[in-house]
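After this come two complexes, each holding chain A, first together with chain B and then together with chain C.
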Partner chain A sequence: MKDHSRHITLLILADSPLINAQRLSEWTGHAPQLEIDIALTNMALDKLGHARLLLQYAATDEEGDTDEDKLAFFRDVREFRNWNLTELPDGDFGVTIVRQYFFDIYQEMLWKQIKENSNDTHLQGIAARVLPEIKYHLNFSDMWLERLALGTEESRERVLNAINELWFFVPAVFLNTPEEVNMIKDGFLPDMKTFQKEYTNTVRQRFNDLNLPLPSHPVHDKSGKEGYHTEHLGFILAEMQSLQREMPGLEW
Partner chain B sequence: MEWKLYEVFIRSKKGLHHKHAGSLHAPDEQLALKNARDVYTRRNEGVSIWVVPSDQIIASDPGEKEENFEPAKNKIYRHPTFYDIPDEVGHM
Partner chain C sequence: MVTTEADKIRSVLSTIYDPEIPVVTIEDLGMIKNVYYNKDRKEVELKPTYTGCPATSMIKLLVRQALDAAGYEDIKVKISIDPPWSTDDISEAGKRKLLEYGIAPPSPTIDVRALQTGEVTGVECPSCGSSKIKLVSAYGATPCKAQMQCRSCLEPFEYFKCFSTNE
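On to the complex of A and B.
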């Protein structure tokens, strides 16, 4: 069962940047300013790059005929292991920025831990590649979060609404699935449960600086890492996978 | 939104000078720098980025090219090339 756990864990690591890339790419041509359009699409490409590294690694686990493309284009909703936060609609720019902020604070923590403490050298290699880009993305979201939170009344209201809607999906990501528990025991993956407090404190401190509240309402107990998703993922996959499913094996 | 126009100058890894890469709009200095990195270093990473608000650049008037930039080569009266240097002096 060890190899199966590693495969699922790699999908858990790969699917969030994959789905996030898909969502970010929806901004192409629609961002509020040209420079933001370029930044978001660049970010999407970076995230896709991260997903590819991990899907390539995951493909080496399974016997038989699989590769990164088959994993990306032929799995169904219940087989996807992305954090549900990443499949939520882009909404307005405020929603996207808050979503990216929540996502990248987590990503930075996760990949820093992998880089420093994983016993898998290949995964550590991936960490060395993705971490600088994640830091860049986080800097972007943080800069925009500050400007929107302290900007106009309207920008602040939109940020408050975004936080209210999105925080609901955040805490569950710290719950470990059975596969992750195995890989934590193996030293492959860090136990992110032990970092939940640090995450929440980091966010809370930053929000204090920006006069933003952290909601105290009940939160979801499913993260998506176990395969339970919102109604949105089906639509994302329908679009993302449509071409390959209609014409399997199609190449550029 | 009134976003200010900035000129972007980038020095590449192998270069010694910042070269003018183009311009962009941004609401403030920090984002101007960030946007410059996103817009102008997509394919080749530079090592140093300068952004300057366009209205801070004082530039020569292109219409006055002739007066300002006539090369000194054509002004032979400016060059000390009419002296005979005695042999005892040697090379100068």
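On to the complex of A and C.
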């Protein structure tokens, strides 16, 4: 039986930016300022581009007839491998910013490791493409995290609530699924477990600068990479996939 | 001097303008990776710019149409991301054309963190040439551009974001 580890690992890499893009695009026309509206939608487009590169790669890695669109529009919740953090509701702008910050600190570390240490040249090529864009995204969420954390009493309170809710979903992303374990052995994927400390320290240091606490409550042990999701993903997919599922193969 | 088929194909490609920025060609932007035209291989390899750039599909279509119109239906058009495109691939002519059009070309001396403070160095106003520039937003009308304003002549303008892969 064929080992699907590489295909699944590529879905793990693709699905987080895909769902993040879907969530960010929900801000279209609703952001607090026009400039923020443009920024969030531009970021969504970048993330979609990242997802597409990876879904295209994943499609070539499977036998049979599949492509990026079939993978995006015809998989169900249990087959999606995105980090649960990315499917959480946008909430207020504070929640969206904290969610983006947690996500992009991780993305930057992950893709930097892939660029430097993966033995797969195509994946390294993708890393070189996505890293500069992730830096811009991180710049945006870091900047807004600072403004909101040190802004008014209300902005600070909303950021504190966001951190309390979202941190619960963060640490699990560092647990490797069986497919990732195989691809780490192969040298395809870096072992992000060894970077968990660096991630937490980076976040903690930044939070110290901004007088923000890192919660110490228990955290979730499922990341979503194994296919176990929150109640939110179903609704996202229902909206995202509805058109293709109603009229399969529909094109512009 | 002999003009090879590959040269002729390149001159066809150099007539294709970027649909979003209609003063620069895909050659100016450094999007043409390779042109092969021999017995074993008939291919044009393009380097896409930004990952989410919606113009990429349009450009691929324009390339296909231009090649077909010139009689090169037998050439395959492929997108290659390895090595990735960076703003370093934009030619000097391309950068000049951007500036004339009113878009500040990417500046390798600009620092991404500088986008945080709002104080921009290394960029000149396309209208008056002043280097006293304020950042309005790191995001502009397209994902590849940022919005800036000249503090001297007060003209707003767009800046083509610098994406170098040498970091």
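Convention: the second predicted complex is superposed on the first by the 249 of 252 C-alpha atoms of A that agree within 3 Å, B and C clash if a C-alpha of one lies under 4 Å from a C-alpha of the other, contacts with A are read in each partner's own complex, and residues count from 1 in each chain.
One rule holds for everything that comes next: a contact is a pair of C-beta atoms (placed from the backbone, for glycine too) under 8 Å apart; a residue touches a chain by one contact, two chains touch by 3 or more.
Just so it is clear, the model here is predicted, and its values are computed rather than measured.
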{"item": "Clash or fit, chain B versus chain C on superposed chain A", "value": "clash"}
{"item": "Partner chain in contact with A:L250 - chain B first, chain C second, else both or neither", "value": "neither"}
{"item": "Chain B versus chain C as contact partner of A:N139, first or second or both or neither", "value": "both"}
{"item": "Touched partner set for A:N42, first chain B, second chain C, both or neither", "value": "both"}
{"item": "Which of chain B and chain C A:L214 touches, first, second, both or neither", "value": "neither"}
{"item": "Chain B versus chain C as contact partner of A:A238, first or second or both or neither", "value": "neither"}
{"item": "Chain touching more of chain A, residue-wise (chain B, chain C)", "value": "C"}
{"item": "Partner chain in contact with A:T121 - chain B first, chain C second, else both or neither", "value": "second"}
{"item": "First (chain B), second (chain C), both or neither touched by A:H50", "value": "second"}
{"item": "Which of chain B and chain C A:L131 touches, first, second, both or neither", "value": "second"}
{"item": "Colliding stretch - chain C into chain B, listed as 25-33, 79-87 or 115-123", "value": "115-123"}
{"item": "Footprint overlap on chain A, comparing chain B with chain C", "value": "35, 38-39, 42, 139-140, 143"}
{"item": "Residues of chain C defined as touching chain A within the complex", "value": "50-54, 81-86, 112-113, 115-116, 136-143, 147, 161, 163-165, 167"}
{"item": "Complex interface listing, chain A residues touching chain B", "value": "32-35, 38-39, 42, 139-140, 143, 147"}
{"item": "Of all residues in chain A, those that touch chain C in their complex", "value": "35, 38-39, 42-43, 45-50, 52-53, 121-122, 124-126, 128-133, 135-136, 139-140, 142-143"}
{"item": "Touch list for chain B against partner chain A, complex", "value": "1, 3, 24-28, 30-31, 34-35, 38-39, 42"}
